[in-house]
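What follows is a set of structures for review.
You will see chain A twice below: alongside chain B first, and alongside chain C after that.
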Partner chain A sequence: MSLAIQGLTKAYGGLHVVSDVRFEVPKGALVGVIGPNGAGKSTLFSLITGFLAADAGDVAFEGRSLGRASPMERARSGMVRTFQVPREFSHLTVRENLMAAAPGQAGERLIDAFFRFGTVKAQEKEIAAKVEETIAFLRLAKVADVPAGRLSGGQKKLVELGRALMTGARMILLDEPFAGVNPVLIEELSVRIRELNERGIGFLIIEHDLPALNKLVSTLHVMDRGELIASGTPAEVLANPRVRDAYLGGAAA
Partner chain B sequence: MDAYLIAIAIITAIYVLMALGLNLQYGLTGLVNFGVVGFFCVGAYTTAILSQKGVPQYITFPLAALLAMAFAWPLGLVSIRLREDYFAIVSLGFSEVVRLVATSEGWLTQGVQGIPGIPKMFGTFSGTTQALAVLGLLVVFNLVAIAAMLRIVRSPFGRMIEAIRDNEEAVKALGKDPAGFKIQVLVLGSALTGLAGAAYAHYIGFISPEQFIPLITFQIWMAIIMGGVGRISGALVGAIILMVFLEGSRFLRDVMPFISEVAMASVRLGVVGLALVLFTMYRPQGLMGDFTRK
Partner chain C sequence: MSGFLELAISGLMSGLVIGLAALALTLVFGVARFANAATGDFMTIGAYAAVFGFTATGSIVIGGLLGLFIGAVSGVISYFLVFRVLEGRPSVSALLASIGVGFIIRSVLGVIYGHGQQVFQLPLVRPWRYFDVRIQPNDLKIGATALLALLVVFLVLHATPIGRRMRAVADDPMLARVSGIAPRKVMFALWAMSGAVAALAGVLLGIRTVIWPEMGWEMLIPVFAAAVLGGIGHPVGAVLAGVILGVVQEIATPYVGFTYKLALAFIILLVVLLVRPKGLFGRVEGVR
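After this line comes the complex of A and B, so read on.
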C-alpha cells in the first residue's frame, strides 16, 4: 500500500471540516476524491501533506507513519502536492521553476555556491538535462523562458506538475488540476497524467470536474461535509443515490 | 567643494553597502527587515568600543561584521518562522532594543554622551588623500559585495531565495525548508550592514545612540524602492538617488532663505518623502526595475 489515510480529523471550533476519513491508495494507482464545494477535500489534502496539523488520525506513506512530520519531510519522503490556485514562482522562468524543484542541490548551500563552483556547475548541467526532458514531456518548450507568472492557468498547472516530477515524487497529489483550464488542455493534461501513471507514479486527485476525472481514475472517493460517503469505481460511485443526492443537490433524484 | 563631494560619496558608499544587504534580504528573498539600523548600530559600537581599547581596525572591522551576524542569527532562529509581517515588527523592535541598550548601558557604550574620538581610517594620511583612501576602501568593499551578490543571484541558492520570495508554501511543498535559507540571508545581509556601521563610526569619528534611529532603516528602504527592488544595480542607484535628494535639498535654502534651519531639516525629509511617493506612483518597479517583469 502506497498511501494509507487513517482516520484523519480536523475541526475548527464545532465545525468538523474533515471527520474520520480513511482510505488507501494502492501503489501506482490513480485515485480521485470528489465532493461538492466545502466538502473538505482541500483540507484533507493539507492534512495528508502536513500543511495543516490533524486533530486526530495519521497518514502512512509506503508503510511509514508520518505522524507530525513537516510538509518538507513529507515531500522529501516522495509524496508531493500541487495547489488548487497554482503557486508558481512567478518571477522565475518555467525552466527555473523546474530547476528549483530538483532535490539535493549542492549549490543551494551558500558555501558551495561560492567555493565549489565546479561541483555546482556539473550538477546544474545534470539537472538542466532532466528539466529539458520534463519540459518536452509536458509540451512547455514554447514557454520555457517565460516568467511563470505570465502563463495561463492551465500552463501554470503544468508547471506545478513539472516541479512535482522534478522532485522525483513517487506519489503526486493534484488539487483540482482541471479547474480553470480550457478543455483542450484538460485532455492534454489527462493524457500526461495517464502516461506518468504508466511509468509507476501514483496519483491522488481532487477534482470538481467529474467527467474529466471519471475517465482518468480507477477508484473514486466521495466526500460530503467532511465525511467519506462512498468509495468504488466511478460507475459504482455515480450510481450511488447518496452521492447523487450530495453532489447534485438532489436535482437528479 | 571637492571635500564636500568626497564626503557625500563616502556616505553614499556606506549606504550602498546597507542597501545591498537589504536588497538581498527583501528584494531577493522577500524578508521584511525593518531593523536594518540595529545591525548598523552593532557594527558601529563594536568597532568604536574595541578601538578605544587600542584594537587595530583591521581586526575591529571584521569583528563588527561578525558581531552583526552573531546578533542576526538568533534573531532569525526565533522569529523567521513567524508570518512575514510579524518578522517585520520583531526586527523593528530589535533595532530599538539595540539603541536603548546603547543608551542605557553607559559602562559599555558611554550612554547618551556617545563615544568620541574614534580613530579615522588611514589616519597616517591627511586631508584629501585620507578622504580618497577611505572612499577607495569603501569602493573596494562595495565591489566585493556586488561580486558576491552576482554570484549568489546566479547560483542555485539565488534561485531558491527568489522562489521563496515568490511563494514560500510552494517551496515547502517541494521539500525544501524556507527558514534555513532566510536565516542565511538575514545573517549575510547583516554582515554587510555591520561593516557599514564600522565604516560609518570611523568616518564620522563620533557615535551616539541618537544616530541609530529607525529613520536610517527607512532611508535604506527608500533607496532600494527607488532603485528597484530585487535588482543589485537598484541598490547602488537607489542609494545614490537617496543621497542626491538628501543632500540636494540642502541647497533648497539658497532658493528659500525664509525657511529656518530647523524647519529646513523637515522640508528635506519632505522632499525625500515626495520623491518616494512619485516613484511608487510612476515607476513602482524602481529606476533599475525591469519593465517587462510584472
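After this line comes the complex of A and C, so read on.
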C-alpha cells in the first residue's frame, strides 16, 4: 500500500470540515477524489501533505506513519502536491523552477559552491540532464527560459507537475489539475499523467471536471460535507444514488 | 571641471560601498522579509576585524579576508540566536530585534576598542594624474574589490544550486518548503553571504575613512535609501542605486555642505517613497 489515509479529521469550531476520512491508494494507482464545493477535498489534501495539522487520524506513506512530519519532510519522503491555483517561483525561469526542486546533496551549502566545485558541477550536470528530459516530456521546451510567472495557467500546471517530478516523487497529489485549463491542454495533461502512471508514479487527484477525471482514474472516492460517502470504480460511484443526490443533484440545481 | 570629476570618482567609490551594504540589506529582505537594521553594524564588525588582521599580519588582503569571515560568522550567529527564533512572527519583531542586535554589537565594540578612531596605517601613495584629474590608486583597488565582490554574489545567486534555492525561497517560501528545499540551509547561506558582503563594505569604508564603533550605524540611512531606491529585494537595483546615491552625495557636497550630505540621502529616500515606492526596478518582491 502506497498511501493510507487513516481517519483524518479536522474541525473549525464546531464545523467538521473533514471527518474520519479513511481510504487507501495502492502503489502506482490513479485515484480520484470528487465532491461538491465545500466537501473538504482541499482540506483533506492539506492534511495529507502536512499543510494543516489534523485533529485526529494519521497518514502513512509506504508503510511509514507521517504523524506530525512537516510539509518539507513529507515532500522529501516522496509525496508531493500541486495547488488548485498553480504556484510557481515566478521570477525563476521554467528551467530554474525545475532545477530548484531537484533534491540536492552537494551544492546545498554555500561553502560547497566555492570548495567542492567539482562535485557540485558534476551534480548540476546530472540535474540539468534530468531537467531537460522533464522539459521535453512535458513539451515545455519553447518556454524553458521564460520566467514562470509569465506562463499561461495551463503551462503553469505543467511546470507544477514538472517540479513534482524533479523531486523524485513516487506519489503526486494534484489539486484540480484541469481547472482553468483549455481542453487541448487537458487532453495533453491527461496523456502525461497516464504515461507517468505507467512508469509507476501514483496519483491522487481532486477534480471537478468529471468526464476528464473518469477517463483517467481507476478508483473514485466521493466526499460530501467532510465525509467519505462512496468509493469504487467511476461507473459504480456515479450510479450510487447518494452520490447523485449530493454531488450531481447539487450540481444540477 | 577636474574638481567635479574628482568628486564624481570619490562618489563612485563611496557609492560602491553604499551599494555593497544595500546589497547585504536587500538580500536579507528578499529572503527573510525584514529590513535588517544591524546591517551597518556588520559593516563595523568587518572593519574592526580587518584592522585587527592587518595590524597582526601587515597584509591588507589577509585583514580584509578576516573581516569577511568574521562578518559571515556574525551574520550566521545572529540568525541562529535571534532571527531564527523570530521566524513566523510579524516582520516588525525582526526589525526591532535587529536594532537591538546592532546596539549590542556597537556596545561590545565600544567596550573592547573604546570610542576613539582607528585607521588602517596604509602607506601614503602619490595620486595618479590623468590630465588634471587626481586618482588615488587605493580608490581604484577599492572599486575593483567591490566590483569583484558583486560579481561573486551574482554568480552565487544565479549560477549555483544554493543561489537558485535562495531565489526560490525569496519567491515563494511555502512552495520552496513543499518542493523539498530545506529553509535552514538556505538561511544559513543567506546570512553568511549578507554578513560577509556588509563586512566588506565596512572594510572598504574603513580604508577610505576611519574606523569607530558607530561607523556602520551612521551609514544606515544612505544604505536604506539605496535599497529602497533600487527596489527592495532587488540586488542589481540596490548596487546601482548605491552608486547613484554616492555620486549625488559627493557632487552635492560643495553646494549643500558636508553636514547635509546625510540629509540628502534622507530626502532621496522620502521622495522615492512618495513618488515611486517600488523603487527604480519595479516590483516590491523577493530576490531575483
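Assume the second predicted complex is superposed on the first by the 247 of 253 C-alpha atoms of A that agree within 3 Å, B and C clash if a C-alpha of one lies under 4 Å from a C-alpha of the other, contacts with A are read in each partner's own complex, and residues count from 1 in each chain.
The criterion applied here is as follows: a residue touches a chain if its C-beta (ideal position, glycine included) is under 8 Å from a C-beta of that chain, and two chains touch if they have at least 3 such contacts.
Bear in mind the structure is a predicted one, so any value in this text is a computation, not a measurement.
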item	value
Side-by-side fit of chain B and chain C on chain A, or clash	clash
Contacts of A:P211 with chain B and chain C, given as first, second, both or neither	neither
Which superposed partner A:G67 touches (first chain B, second chain C, both, neither)	neither
First, second, both or neither for A:V80, with chain B first and chain C second	both
Partner chain(s) touched by A:H91 [first = chain B, second = chain C, both, neither]	both
Touching partner for A:P241 - first (chain B), second (chain C), both, neither	neither
First, second, both or neither for A:P103, with chain B first and chain C second	both
Partner chain(s) touched by A:G153 [first = chain B, second = chain C, both, neither]	neither
Touching partner for A:P183 - first (chain B), second (chain C), both, neither	neither
Residues on chain A lying within both footprints (that of chain B and that of chain C)	49, 51, 70-72, 74-76, 80-81, 87-92, 96-97, 99-101, 103, 107-110, 113, 120, 124, 163, 167
In the complex, chain A residues that touch chain C	49, 51, 70-72, 74-76, 80-81, 87-92, 96-97, 99-101, 103-104, 107-110, 112-113, 120, 123-124, 127, 163, 167
Chain C residues touching chain A - in the complex, by the definition given at the top	156, 160-165, 167-168, 171-172, 174-183, 185, 188-189, 192-193, 285-286, 288
Residue ranges of chain A touching chain B (in the complex, touch as defined)	49, 51, 70-76, 80-83, 87-92, 96-97, 99-101, 103, 105-110, 113-114, 120, 124, 147, 149-150, 160, 163-164, 167
In the complex with chain A, residue positions of chain B that touch it	148, 151-152, 155-160, 162-163, 165-167, 169-177, 181, 184, 188, 230, 293-294
